[in-house]
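Letters are used for the chains, namely A, B, C and D, taken in the order the chains are written, and counting of residues starts over at 1 for each.
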Amino acid sequence: MMDVRERIARRVAKEFKDGDIVNLGIGMPTLVANYIPEGVEIIFQSENGFVGMGPAPQEGNEDPDIVNAGGLPVTVLKGAAYFDSATSFGIIRGGHVDATVLGALQVDEVGNLANWMIPGKLVPGMGGAMDLVVGAKKVILAMEHTAKGRPKILKECTLPLTARKEVNLIVTEMGVFDITPGGMFLREIAPDVTVEQIREATEADFIVSEHLKVMEE
Amino acid sequence: MNKIISLEQAMDLVHDGMTVMIPGFMGVGTPETLVDGLVEKGLQDLFIICTDTARPNVGIGKLIVNGQVKKLYASHIGTNPETGRMMNEGLIDVTLIPQGTLAERIRAGGAGLGGFLTPTGVGTVVEEGKQKIVVDGKDYLLELPLRADVALIRGSKVDKKGNIWYNAATRNFNTVMATAAKTVIVEAQELVEVGEIDPNNVMTPGIFVDYIVRGNA
Amino acid sequence: MNKIISLEQAMDLVHDGMTVMIPGFMGVGTPETLVDGLVEKGLQDLFIICTDTARPNVGIGKLIVNGQVKKLYASHIGTNPETGRMMNEGLIDVTLIPQGTLAERIRAGGAGLGGFLTPTGVGTVVEEGKQKIVVDGKDYLLELPLRADVALIRGSKVDKKGNIWYNAATRNFNTVMATAAKTVIVEAQELVEVGEIDPNNVMTPGIFVDYIVRGNA
Amino acid sequence: MMDVRERIARRVAKEFKDGDIVNLGIGMPTLVANYIPEGVEIIFQSENGFVGMGPAPQEGNEDPDIVNAGGLPVTVLKGAAYFDSATSFGIIRGGHVDATVLGALQVDEVGNLANWMIPGKLVPGMGGAMDLVVGAKKVILAMEHTAKGRPKILKECTLPLTARKEVNLIVTEMGVFDITPGGMFLREIAPDVTVEQIREATEADFIVSEHLKVMEE
């Protein structure tokens, strides 16, 4: 079995179609860029001010003026464009980003997301997450199914929310879920787990899709 | 009209308790020379408006660590543990603002708008104390403009009339902040003659800039 | 992803009754080739959003004279006597909007804002039917976003990914309109290879542009 | 006696101080640019998208991409900057224009202005006038004192307003008036008229300043 994070990132990478504009959050979502299928061209948006983000530069070739939203050195591809933060969030809020991939502390069965603070413990701030989740056409969570064995996919989030009812897809190492107005559906299941095991690791109620498939890798 | 002044002259324009806008994303695009000037002068009780507090030894982070900041508006403080610690100990009054909302509030301040309606933050703690307005059946928060006493800007190329061109991802909050303060001081990474920047590619027109300081970088 | 199409293909995308944004200030910055395409196709009942109707034989003026416009949002119609005549005869439904408010409403449409508060028009006929909101003791009008089915844009230099650079005063409404329509078609005065426009100086990122048509000018 | 329009334009030109950013309306206000005193550098803003406007080009040197707000060919000076309409009206509404000079159909003693339509007759649209009058720091009217012998400076405007209480200064061929919260003051009087003649030509009540001077030429 491949690394959990790689499995999740590989699966998320299959969600895009040629020409999509995608914003990847920091952490695991960043890995998704490594697994874009051949023949699919994705334009990556970096909310600090550009589209056309390329891979990290070779050591020694870092340009201090070009970093991604995690503050790490990156490159830009031919055809890139820079802009200011007002324009960048105009792009995000205005629905011009096809998909955003983020991590989650908690998500619930109606698509509420909590990923920006734990009161009394961790208050990093929401950065651009609230705008991204509200503005992107498709909100994809790339997350481990549980945290220290405890479910992160809940009936109802208990942490302060990032946004209400905006999550469309959840990809974990156990499976893939669609969140729709009709409920939460298990659409794909990892080859090494059973629906029963997923039920045990998930607090939220979900419906097993009639078309349940084995999760692509 | 000579706009070029020394760092010392620039610092004479900033006083204890002032509201100061400082651009930069994790330090990229931050006027380090001007920030160092604030640190050296030891100004107190500053109200800083910025998107993040960088790291303890970088950009705005230095002001935090040095205990000069009384009040802070930011979207993200997670990369500087000192900000969180001082917030928890009640030493800094921190308001967290979604990054897109922050950029837009500053733009509104510079553009004479009384506010704007954004979907970002609806259904979260961000909506506390704000007017909610329904347009076409959708909820929006009324967000109000922000202005400052001083904006400290960082231009990659600046001509002697104050026209600014920003390189790569350094633009971020520079453009909007340059419009929204009573006094605007730009740190010129490269100072050029009037006419050297193509009028088409000027990103901040010189009419917004009151003073120019040569940068050390 | 080839975005380059013929004028005929572009015209297949525009239909009777559509809402079409057309930039230009007295014709400067207006995509004349695309406008001529609309005239030649003889589309009817168009709802045109523009800042002025130019002159009878220039830019948007040609659509007016040709009787193709049913509804018009504009800030100024004085330079084209035909617009006023047809308005007075009830042939065109004209709404006059202050120029700054018009630009900002289109920007809001593209940036996902639900509206904004402006002092412009308070105490005049412009306030009729609008919500008045008091902020800090000052009256503002709540102005709502504008979007269109199609925006016809005119770029001075356009690369094959749709990145646009505008020369001189041709920029005017092009940038905001390119963000606020379902389908965005740009007329390229000069079509260049990807990479020929410095990513710093791109004024409309290619992500906003769906199709490119070669201009005749 | 010099031409009425020249006298007005000459007098208005003396209102500016070095470095002011000024927007001139079409018609008589445009003439003001010809009479700026030596040693005073004014930056002219053209609301269709630039600062740094220069004089009209020599015949044959017109650039179709560079026109003023009246649609006429102009030049730009070294150090100019172009921008889009949203930015242009951000500059105007945001109070970054020191003075705007406009014509008037009617003005009244509290500073209400009507200059954009005559119901049933002339409906050119407000263009950028409403934003300019609300946004500029100082609103100067350059106007003939009467129209066909009938007063244009009224107790109360009867035509649809451009803006309420925004006019600061009126310059006519007969004199110069300040409009303040304390009332309307005749500050200067033309060498060839008497206060009595001005009273006859003016419907508004005005106070003769204690420091009444002869109008500068």
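We adopt the following convention: a residue touches a chain if its C-beta (ideal position, glycine included) is under 8 Å from a C-beta of that chain, and two chains touch if they have at least 3 such contacts.
Predicted model, so just to flag it, every value in this text is computed and none were measured.
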{"item": "Partner chains shared by chain A and chain C (touch criterion as defined above)", "value": "B"}
{"item": "Between the pairs C-D and B-D, the one where more C-beta pairs touch", "value": "C-D"}
{"item": "Chain C and chain D, separation of their C-alpha mean positions in angstrom", "value": "29"}
{"item": "Whole-Å separation of chain centres (CA-atom averages), chain B against chain D", "value": "35"}
{"item": "Between chain A and chain D, centroid-to-centroid distance (C-alpha), Å", "value": "55"}
{"item": "CA centroid of chain B to CA centroid of chain C, Å", "value": "32"}
{"item": "Sites on chain C at which at least two other chains make contact", "value": "104, 107, 111-113, 118-119, 166-168, 199-200"}
{"item": "Interface hub residues of chain A, defined as touching at least two other chains", "value": "50, 76, 82-83, 89-90, 92-93, 134-135"}
{"item": "Chain-level touch network, classified as line, ring, star, complete or other", "value": "other"}
{"item": "Each pair of chains that touches, named by its two labels", "value": "A-B, A-C, B-C, B-D, C-D"}
{"item": "Chain A contact footprint on chain B (complex, rising order)", "value": "25-29, 51-52, 74-79, 84, 87, 96, 98-101, 103-104, 106-107, 118-126, 156, 166-176, 203"}
{"item": "Contact set on chain D toward chain C in their complex", "value": "46-50, 63-67, 69, 71, 76, 82-86, 88-89, 92-93, 122-131, 134-135, 160-165"}
{"item": "Complex contacts: residues of chain B adjacent to chain D", "value": "1, 107, 109-113, 159, 161, 163, 179, 194-195, 199-200, 202, 205-208"}
{"item": "Chain C partner contacts - residues on chain A that touch it in the complex", "value": "18-19, 21, 41, 43, 45, 50-52, 76, 78-83, 89-96, 134-135"}
{"item": "For the chain C and chain B complex, residues of the former touching the latter", "value": "104, 108, 111-119, 133, 135-136, 138, 140, 142, 144, 165-168, 199-201"}
